[in-house]
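Structures follow.
Two complexes follow with chain A in common, the first pairing it with chain B and the second with chain C.
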Partner chain A sequence: MAEGYANDPEWADITPIELNDGSDSGAMPLATIAYPSEYLEATSYLRAVMAANEMSERALNLTKDVISMNPAHYTVWIYRARILFALDKDLIEELNWLNGVSLKYLKNYQIWHHRQVLISSQTHFPSMPAKEPDFLMEMFAQDSKNYHVWTYRHWLVRHFKLWDSPRELEDVEALIKADVRNNSAWNHRYMLRFGPRDDVPDAGMVNAGNADISPEEKGRLPVVDEDLVDAELKFAQEQIVRAPENRSPWWYARGALRAAGRGLGEWEGFVGKFVDGDVVKSSHAVEWLADVYAEAEKVKAVEMLTMLKEKYDPIRKNYWDYRIRQLEEVA
Partner chain B sequence: MAGPIFNTERHVKYYLRCLKTFLPSAYVSNDSNRMLLAYLTLGGLDVLGVLQSKTTPEERQGYIDWLYHCQVPSGGFRGFSGTDFGDEKRTSDNKAWDPANVPATFFALVNLLILGDDLARVKRRECLEWLPKLQREDGSFGEVLGPNGTIEGGSDLRYCCCASGIRYILRGQAGKGVEDVPDIKVSKLISFIEACQVNCPYTKCLDWTDRFLFGQSYDGGMGESPFRESHSGHTYCAVGSLHFLRQETDKIPSAQLLSPGSKKFEGLVGWLASRQTDKLLGEEDEEGEEEVADNDNEEDPTTAEVEVRTRDESVDDLIRGLSNMAPLSGATISCAGFNGRCNKLADTCYSFWNGAALMVCFPVTIKNSHAHQVYRCWIGIV
Partner chain C sequence: MQNPTGGFGGGHGQISHLAGSYAAVLALALVGGEDAFALVDREAMWRWLGRLKQSDGGFSVTEGGEEDVRGAYCAATIISLLDLPLTLPHDANKAREAGFKTLTDGLAEYLSRCQSFEGGISGSPGVEAHGAYAFCALACLSILGPPEETIPRHMNIPLLLSWLSARQYAPEGGFSGRTNKLVDGCYSHWVGGCWPLLQSALDGKPQSSGAPPRTVGNLYSREGLDRYILGCCQSPSGGLRDKPGKSPDSYHTCYVLTGLSATQHHHYRTNTSITSSDNFASAFSWQSSPVRTDDNVYDKADRLVAFHPLFVIPHQAAANMRLWCEGQPIAI
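And then the complex of A and B:
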């Protein structure tokens, strides 16, 4: 809109509404911005069409213009979505446009919410658009830990029930292979394998809403597929040896055991191979042993925590002291 | 080595520039966050102790008037004046395009308090009537009300924290004068927040009071919503929200997440402590470029994995082939910061989010207590 709206015949019938920042009534505006004139003009037309609740092609183009300057504008996206549905626009075309905007503004939150609003439409998208995973991988190529994109992908899995979709696991494995420290990918894998499968109440807590289930059982899978759990534990072990100081697979394994209702003690043998007296190959193995010993052999647990404090993880000296004191208080 | 120096004067100069001159045009993309930018500016000057001395009473009154200028006629505040098309044009059909915004309302109230306003012009009743309309069935909060009163914005701990803050400021524990205004569903909100904890597999569940324990994800931190990756910003919001909601009555159990000794609490504290890292901003976060503390196999990790598959080398053999960790000492750690997620780089903003969350977990008001010392050590003020 280099020509501007004021000189455009298409907009001749609209009286723009200027920004009222309160200065006329004596207020002193905070966080004032040196607005470029194009932005001031576009937003004054936006206020005018919004006030008229106009659902039109020109209003749709105007939202695009405002979004290009301020993609974090929280009502312009809602307004745009409203117009898209009112005019029955081609949503695939909208997604294609959105892809470009997403790649340009990597840290934007509204873009992903807008995408979710569009794809939520059962009429338009009874199943997932085929190119969705490819585009998400394109986003991950820019930033494989982009929180907004992972949040969206998480939603996508739940919305289209994709827990067992081969593509989901393939992508997660590819990302972990490329960067074994990608905690976002590990978290997604956990959700695929152990997250709640359906629209369970209580915000997706496994069994949390079921009063008949004892507290110990809550969070555990209703039916445990032991083969799956074993396979996940093996996968975690293979990744641990790639980078033994990488926290992600260690905690993934703890989560897998927890979901299956199995204890940390099961890994005592595996973990022990990383610790030989005070010569160790992973500080996480030492912490694991401390947790195993804490159940019955407090003295040995304290030895492990002391080793972390003094030798292998002194950054967290005070935290290890705190843990040691807790054990001593119980003893 | 000389200790780090905090240049107060330059900080003050920077904030005054933000307060009294235009922010550069690049800030257009943050136009809708002006209420937040205002908070950071006023809060910064207030924390530095110069807000009163560097502004006149007339200026402060002018700022207060602008904050009220951002109040929506039906209660609550806008994020910026840019959505305002004029009260006289406001109808039930178009009001959704100029809505009150949850985070903006929280920051507006805090801004008013920082400036010493008595909140007399806040539409308290209207705001408290609006707030429950933003709460979803799962207990979480949205950002704004869209057309037909739909709740817009993600299910997100940030909105939960701001909503709890609004309630804390305007309703308080007793709700004097607004007893007849329906409250938000506090228990549901607490359940949602606790479900966002990445489940802490620390030890076994001990008693019924840990009943929320298993909603968490698997490492003890808090994600944006249930089963999302733990994140310090969201963790701060969860802790902050529960702090605002802290109840001392029998009716609503206080959150396990803020109860020392509970597994949720210990899992959270362990996760927060793990955020300390000597991997600092500026280093490339790439495979192969190992941090000092890391003792990974010298081989390229990807290659190592290929070997597992092709040569069918057992995991045991691979472990035997790993090198031993070199013990670390204070001398080998030049500095340490906080990251916001597992395996990310340290960043100043996360020193705040983690530090502030720890501060709520271990209230500093308990002077000389063990908890106080732990907290001080963790954030490095010993």
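And then the complex of A and C:
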């Protein structure tokens, strides 16, 4: 499109709609955007074909041109999706093109919503395209905590009911093995293991969003597979040993115990290994012990919280003080 | 700029989008005055919001676009500032099929489903807890009703408090957006802005005098955040930034500044609202006073104005727009 649209016979019948930023009304735009001329021309033709609701090959090519210059232009993506379905285009081919765009522009809402719109088509994709997990791992190789990609992957699990798919767990384990601090992967694991399934509305924890159930009950499973919980707790312990100051597995373990309706006390022995008098290997272990002691030994709980406040996590002093005040009020 | 069939788009020829509409409404509130307020076609905005309302209670950001907590917060801001009718428009098909009667039905429950097992709040249900979405969700809940009612009813508070507190790191002093991610200046607003809302929820019902209520006090380190902002977020070439080594931009400049303002003021609710309407009365009942301590690390000249903790524009700008709109009810 080096010659531009104005000189292209294919576009001769279209009268472009020039950018109107309000300056023709005499108003002074506060902050004019310095668009490149190629972008101004392409979007002028885009406005014209969109106004005519044109569903054509040339319009599809035009959307690709605009996307290449501005992938955050949400309107062009929605228009593109409509054309793809109207012309019954090959969506696998679209996905292949989209993969390249995704790898080039990592922080972008539109790309991943577009992918979700395509894959949502039951007629085209009654089951998950086989290469999808491979591509997502390619994305994670660029940025293993990419929020858009994880949001999409979570949607994919719900859409194709992949909670027990071996591949999901394999990928999560590989990512945690590569970076034990990858909290996004830990979150995905929690959703596979303890998240709501099937027709239960999607939520970060079960029992959420129901006016009859107190938020205290969030995350508590109605039916517990104790073997699975034990296996998850063992996995968390193995990961904690690798990096004791890593918050992710500590909080994953709390989530697993909460799901099972089991208290923190059963880990007292394990946690104690990280707190030996003045030798503290993990502030999370100190916090864990504070929560265990809060049940019956308030003085010891306050002692733990004071250690956090004074020595191991003093930037959060006000929070630890609040926790201490709460214990003292109850006592 | 407003589309006849909806809200504001991101530019000429673009379909209506909640982020652009949110920005446009706030910009008009900042400009102020009848000429600015009258520019908005509030009835078209109301009808369009009905079409964005989804069957799970949340809002998509544009027709055919993604649904997330940004959508919920932007919609609640627009509805409350423009005093739009709460009744669902006739063509709000998805919301009507789900059994909802109003634009706000099911919205708080949707946000409740966005709390993750870590205690923080994600962009959509089931995803990782994230500071920016946490602000959107808590601000939305605090627009829907008094925070001491809406936040404990829909969020597990001890989990939320623990996660939010864990966003502040030493030695940086600044906030991260997610567990095991780095500190970034923009979370001075997103995470910093959560604190007054959560503190207000813990403080409980406002007392009858106009004086600041008994309070749990400030639960994070103001000094730590101030030092990070002043010492690390200022670019030598002007503007504010994520962290040293990064370039300044308008996004970080905006949110580092509003974060700095939040550290410099106590925000609290009173039992009097500027509106006499029942809808969103508590959202218009906030006041603030400057933090006065001897150990402030900023100079007097660096004290910023207080922003409304939900709409993040000056209090008077929000009040003026709301009151003008109340005086021009929409006949539906």
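Following the convention adopted for this analysis, the second predicted complex is superposed on the first by the 311 of 331 C-alpha atoms of A that agree within 3 Å, B and C clash if a C-alpha of one lies under 4 Å from a C-alpha of the other, contacts with A are read in each partner's own complex, and residues count from 1 in each chain.
Assume contacts are C-beta pairs under 8 Å (C-beta built on N, C-alpha and C of every residue); 3 or more make two chains touch, one makes a residue touch a chain.
Everything quoted here is computed from the prediction, not taken from an experiment.
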Clash or fit: chain B and chain C on chain A? clash
Chain B versus chain C as contact partner of A:Arg181, first or second or both or neither: both
Contact-wise, after the overlay, does A:Trp150 reach chain B, chain C, both or neither (first, second, both, neither)? both
Quick check on the superposed pair: does A:Glu238 touch chain B, chain C, both, or neither? Answer first, second, both or neither. first
Touched chain A residues, chain B compared with chain C: B
If you stack the two complexes on chain A, which partner ends up touching A:Lys273: first (chain B), second (chain C), both, or neither? first
Which partner does A:Gly22 reach: the first (chain B), the second (chain C), both, or neither? both
Which chain A residues contact chain B in one complex and chain C in the other? 17, 19-22, 43, 47, 50-51, 73-75, 78, 82, 109, 113, 116, 145, 147, 150-151, 154, 181-184, 187, 190-191, 194-195, 201-205, 208, 215-216, 218-219, 246-248, 251-252, 254-255, 258, 313-319, 322
So in the complex, the part of chain C that touches chain A is made up of which residues? 1, 9-15, 17, 56, 62-66, 109-110, 112-118, 122-130, 152-157, 159, 161-162, 165-166, 168-170, 173, 178-181, 216-221, 224
Could you list, by residue number, the parts of chain A that touch chain C in their complex? 17, 19-22, 43, 46-47, 50-51, 73-75, 78, 81-82, 109, 112-113, 116-117, 145, 147, 150-151, 154, 158, 181-184, 187, 190-191, 194-195, 201-205, 208-211, 215-216, 218-219, 246-248, 251-252, 254-255, 258, 313-319, 322
Chain B to chain A touching residues, read off their complex: 18-19, 22-25, 27-35, 37-38, 41-42, 59, 62-63, 65-70, 79, 81-86, 89, 93-94, 96-99, 101, 111, 138-140, 143-144, 146-147, 152-155, 191-192, 195-196, 198-199, 201-205, 207-208, 210-219, 223-231, 266, 269-270, 273-274, 276-278, 287, 293-297, 301-302, 304-305, 308, 315-316, 318-320, 322-325, 327-330, 333, 336, 341-344, 370, 373-374, 377-378
Contacts from chain A onto chain B in the complex sit at residues 17, 19-22, 25-36, 39, 43, 47-48, 50-53, 69-75, 78-79, 82, 105, 109, 113, 116, 145, 147, 150-151, 154, 177-184, 187-188, 190-191, 194-196, 201-208, 215-216, 218-220, 237-239, 241-248, 251-252, 254-255, 257-258, 263-264, 270, 273-274, 279-283, 291, 294-295, 310-319, 321-322, 325-326
